[in-house]
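Every chain is named by a letter (A, B, C and D) in the order it is written, and numbering of its residues begins at 1.
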Amino acid sequence: MNSISKYFSDLFRGISSLWAGMRVTGKYFVSPGQIVTQQYPENRATLKMEPRFKGEIIMPHDENNQHKCTGCGICEMNCPNGSIEIITDRVPNADGKPERVIDKHIFHLSMCTFCGLCVKTCPSDALAFGQEFEHAVFDRHKLTKVLNQPGSSLKKEAKK
Amino acid sequence: MSEEIIKDVIVRENEDYIINMGPQHPSTHGVLRFEVCLKGETVKYLIPHIGYIHRGIEKMSEAITYQQVIHLTDRMDYLSAHINNEAVCMVVEEAMQVEVPERVKYIRTILDELNRIASHQLWWCAFGMDLGALTAFFYGLRDREQILDIFEESFGSRLLHSFNTPGGLMHDVHPNFQKRTKEFITYFRKKLPEYDQLLTGNIIFQERAKGVGYMSREKAIAYGVTGPSGRGSNLACDIRKIAPYGAYDKVQFDEILMTEGDTFARYQVRMAEMWESLKIIEQLIDNIPEGDFTAKMKPIIKLPVGEYFKRVETARGELAVYVVSDGNKSPYRVKFRSPNFSNLFVMNELAAGGKIADLVAISGSLDLVIPDIDR
Amino acid sequence: MNTDMSSKIYDFSTLTGSIDAALNSWMSPGLAVLTELVIIGLVFLIFYALLGLFLVYLERKVCAVIQNRVGPNRVGKWGLLQTIADLIKLLMKELIPIRKADHLLFILAPFIVIIASFMAMGAVPFAKGLHVLDFNIGVFYVMAVSSLGVVGILIAGWSSNSKYSLIGAMRSGAQIVSYELSVGLSLMAIVVFSGTMSLSEIIESQVNGWWIFKGHIPAFIAFIVFLIASTAEINRGPFDLAEAESELTAGFHTEYSGIKFAFFFLAEYINMFIVAALGATVFLGGWMPLHIGNWEGFNQVMDYIPSIVWFFTKTFFIIYVIMWFKWTFPRLRIDQLLTLEWKFLLPISMVNILLIAFLALMHWHF
Amino acid sequence: MLNKQELSEIILKMVPEATFPEGTQLTEVIVPAEKILALAEGLKNNKETAFDYLISLTAVDFTTNMTVVYHLDSTQFRHLIVLKVVLTDRENPLVDSVSPVWATAEFHEREVFDLFGIRFNNHPNLKRLFLEDDYGFPLRKDFRDEINIIER
C-alpha cells in the first residue's frame, strides 16, 4: 500500500515543486520594474564610469600643456608585453648641458593588458588610467597612440 | 594532424558512432573537445582533447619578473582571478620572509570570498542553462553584477583584476567598499532562497541531477579531484581548513561535505558554499584593521635560490604554485597545479554508461574552466 | 431558452453568407466556390504569417520580462518590426546545400511540417460562424493531422546527414508518438462529456458553462494532462529534447538555413497556437462567453464582448502558460520523458476516462 | 601526522639509496629512477604514511639534469612530501610511470612528456596533450623557436 501512497506523494511533491519554480518566474513577469538592462548607446550621456576604471593609459597634461614624463623608461622595462616604447632625445637645457627629454611616448593599446604596472612603477606619476572605453577602430594602427601631446614639455617643479 | 592520428580516428570511426562535442559547443564552456563514442543515446567512452587555448603560461613566466607573472595567472582560471594572483604573491612573500600587514590579509580574504561567490554564481547560471533552465542564467548574472560593480569600483576592472602585488595590494580599497559589500550581503541573502526555489527544489532538476555521475571518494582521491567537486564525494580537501592562509584562521566557517557523490551533491556543496562565503565576509567586513595596504618591497624582487610551494583554495579546487628560483629576477621554473586539469580527466569514468544529457550535466557539475586546464 | 441567448452574440455567418450571396449573384456557382476557396486561402496565408511573426515577438518579449531584460526594442516602435526583420534576414540567407545529403527529402521535410500545421489550422473555430472546416469529427481530424508533423521532423533529421540531427530526430520521434496518447485521451474526456466530436457542437454544448467548470475535477485533471502532453507534442518547454541547445546544438534543424529554417521555426509557433486553440475550444469553451447557470444579467453582459475576443484571450492565456513552462523548467532527459508519459500521464488519463464515463452515465456533471 | 624524521626512517627502510637534502621548505627525497615505482607503492600502501593523493607531478630542466618532481599528500594525515628523480640522460630520459599507483599521474605524465620529452615506460597511452607532434619540447632550457618566441 505504501508504494501507492508514495506514488501519489511523489506526484504532489513534484507538482508543488514545479509550482514553486513557476511562482518565482511569475513574480518577475508581473514586476517589469526589476528590469536591469541599460540602454547603452542611448544612455551614453548619463553613463559615468567609476573614477578608477581602467579604460586606457593616458598622460595627464595640465592647463599649459605640461606633463611629468622625464623619459626614464622604467615603465617600458616593467611592461610585461612590451606595449610601451619611449623615444628620447638630447636637448641642451638652460645651462647648456645636454639633457634627456622625452620625444615620443608610444603606447600600443592593442597589446596592453591593463595590468597597471607602468602606472604603479612610474617614479614621477606621469601615467594614469583614463575612463574612455570605446576603443573600436577600423584600422589597427590607430591603436598605437602617442601619449605626450605635441608641443608639450616637462613640468618643472621643485626637486622632491 | 599527422597521418597517424587521422588513420587512428578513421579506424575508430567506422566501428563506433563517434560525435565530437566541441571545441565550439554550447555546453563545454570553452574550447574543449569531447570525442564521445555513442551507442544510441548512451555514452560508451569519452576522450577529452585539450590544448586549444594553451598559451604556455609556464614558459612565459620564465621570461618575466615576479610582479609581471601576477597578471598572467588571472588569465588562467579567470573566474577566481584574485585567488590565483594571491597564490603567486604569497609564494613570493613567504620566500622573501616578508610579513604582510594585517589589513592586507583581511582585504585579500574578503576579496577571495567575493570572488568565490561570483564564480559560484556564474557556475549556477551555466549549470542551469546546460540543463535547459535558461532563465536561471539571467538571474545569476543579474546578481553577479553587484559583485562586479564592487570590484570595478575598487580595482578598476571587473573580471581580471591585477590588484595584488607581492607584498600587498596595488592601492587601497575604495572608501565605500565596506558599505557596498554589506549592501550586497543583505541583497544576496534575499536572492539565494529564490535560486533554491527555482532550481534546487524543482523535481525535473532533481531527476536530472540525482544519481547522475556518481564519483566515489577513492576515485576522487585517485584522480586528484579537489574543490567542491571532491567535497561532493565526502573528500575533505578544503585548503582554507588544511593550511589556512590570509585571515582564514580568524574566521569561523564550516567545510561543506556531501556523501552522495553525484551531480546533485556537488550542486548542493556549491550552493552551501555561497552561504558560507557570505558568513565569512560578514565576520571580516566590519573589523578590517587600519594600516598601510602594502609592505615595503624593493622594486626588483629576487627570490633566494631554492624551491617554494604554496597551496590555495580557488573556487574550483586546489591551486598549487611550485616555484624554482635561481636567484635572479625571473623564476627559473614555475608549475601551476591547476584544479581543473585533474577535475577534467575524471569525466570519462563518470560519463561512461550515462546518456548525452547526463554528460552535459556532469561536465556542468564539475564546473570546468578550460584556460585553467590548458594554461 | 438557450437559443435566443446565443442569438445576441454577433454571428459571423451573416457576414460569410452575404459574401457568398454576392459572389453567387455575379458569377456561376462553380466559379463562386473557386473564388471563395482562393479568398479563404489568401486570408489564411496572411493570418498564418502574421500570427507566426506575432507569436515569435510575443515569446521574445514574455521571456525577456521573465528574465529581467527588455527584449527586442530597437526595430520598430517597441521592437514590433523585429520579427519581420528576422523573416527578411532569413529570406536573404543562402540555402547551403549539404554534401551527401538526400536532397529530395532535405527539401521536402520543411514543407511537410508546414502543411501539417496548415491543415490543422483549418479546423479551428475562430468565432461564432467563423469556422473553415466544420467536420463532424473535428477533434479526430486535428489529432490525425498534427501527427503528420513528426514525419517531417524524422525526414529532416535523417536527410541532413549529420549525427546531431539524427539523434535529435530520433528523440522527437519517440517523444511525439508517445505523447499523442495522452493528448488523445485528455481530449477524449471532453468528447465523452459533450457526446460529439465536432468542435462547433462541443462549443455549443458549453453554452451554460465551460467544460472545465461543469466537468469539475476530472475535467480539470484532463486539462492539466492536456497542457503537459501538448507542450511535449510541440517540442517545447521542458520537453524540447529535439533541438536541445546544450546537447545537440540545434537538433533536427541544425543543417537548415535560410527560409527552410524559417519554415521549421514558424511551424513550431503555429503548432503552439493550434494546440492552445484546441485546448481553449475544448476545455474553456472556445468563443463561448462565460455564462454562469441562470444569472441572466451577468450572462447578458458577457454576451456583449464579441466572441472572437473571447476566443483569442483564452488562446493567448494558454499560450502564455506554455511559454511560462518553457522559461522556468530545466529539460527532461529522454528516458525520464518517456517514463513520465507511460508511467504517470497515461495511467492518470485512463483512470480519468473511466471516472468521466461513470460521471456522464450518472449525470453527476452539471 | 609524521614529521620529517619519521618519514625519512620509513623511506630509508624501503629505499636505502634515498638521500634527504637539507634546508628545504618541505621534506624532500631524492630517489634513483628505477626505485620510484616501488617507493610510490610503498608510501601509498603503508598505513602510517598513506600518501594516497598525488598533488602534482612535474619536471624541472636544470640543464645538467632533468628532475621529475612528485608532490605527495595524504588525505588522512595531511603531511606533505616531495619525491625527486634525477635523470642525467638528456637525449632519452626515461622513468617508470606511477599511473598504476595514482590515476591522475597518467595525465600529469603526458603533460611532462609533452613539454619536456621525458618518456614514462608502461604508461597506458603516452601521447602529447597540448602541442602537435612535430613541435619540440618547449620547457627545455635549450629550446629555441625563432618565429614565435622573441628573446628580449
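FYI, a residue touches a chain if its C-beta (ideal position, glycine included) is under 8 Å from a C-beta of that chain, and two chains touch if they have at least 3 such contacts.
Just so we're clear, the structure is a prediction, and the values are computed from it rather than from any experiment.
Taken together, subunit A and subunit B share the touching chains C.
For this pair, subunit A with subunit D, the centres built from the Cα atoms lie 42 Å apart. The distance from the centre of subunit B to the centre of subunit C, each centre being the mean of the chain's C-alpha atoms, comes to 46 Å.
Rounded to a whole number, the gap between the C-alpha centres of subunit B and subunit D is 25 angstrom. Computed centre separation for the pair subunit C/subunit D is 65 angstrom, with centres defined by C-alpha atoms. In subunit A, the residues touching two or more other chains are 18, 21, 24-25, 36. Of all residues in subunit C, those that touch two or more other chains are 66-69, 327-329. Subunit D has residues 152 in contact with two or more other chains.
Working note: touching chain pairs come out as A-B, A-C, B-C, B-D. Subunit B meets subunit A in the complex at residues 64-65, 67-68, 70-72, 135, 142, 145, 152-157, 160, 162, 165, 170, 174, 194, 197-199, 201-204, 206, 299. The part of subunit B that touches subunit C in the complex is made up of residues 17, 19, 25-27, 38, 41, 128-135, 137-139, 142, 198-199, 202, 204-205, 207-208, 355-360.
Of all residues in subunit B, those touching subunit D in their complex are 1-2, 4-5, 50-51, 54, 56, 58-59, 63, 94, 219, 221-224, 235-237, 242, 306-309, 311, 318, 320, 322, 324, 332-333, 335, 337, 341-342, 345, 374. Per the touch definition, subunit D reaches subunit B in the complex via residues 23-26, 28, 52-56, 58, 60-61, 69, 71, 75, 78, 80, 82, 102-104, 106-108, 111, 115, 129-134, 138-139, 149, 152.
The residues of subunit A lying in touch with subunit C in their complex are 11, 18, 21-22, 24-26, 28-29, 32, 34-37, 39.
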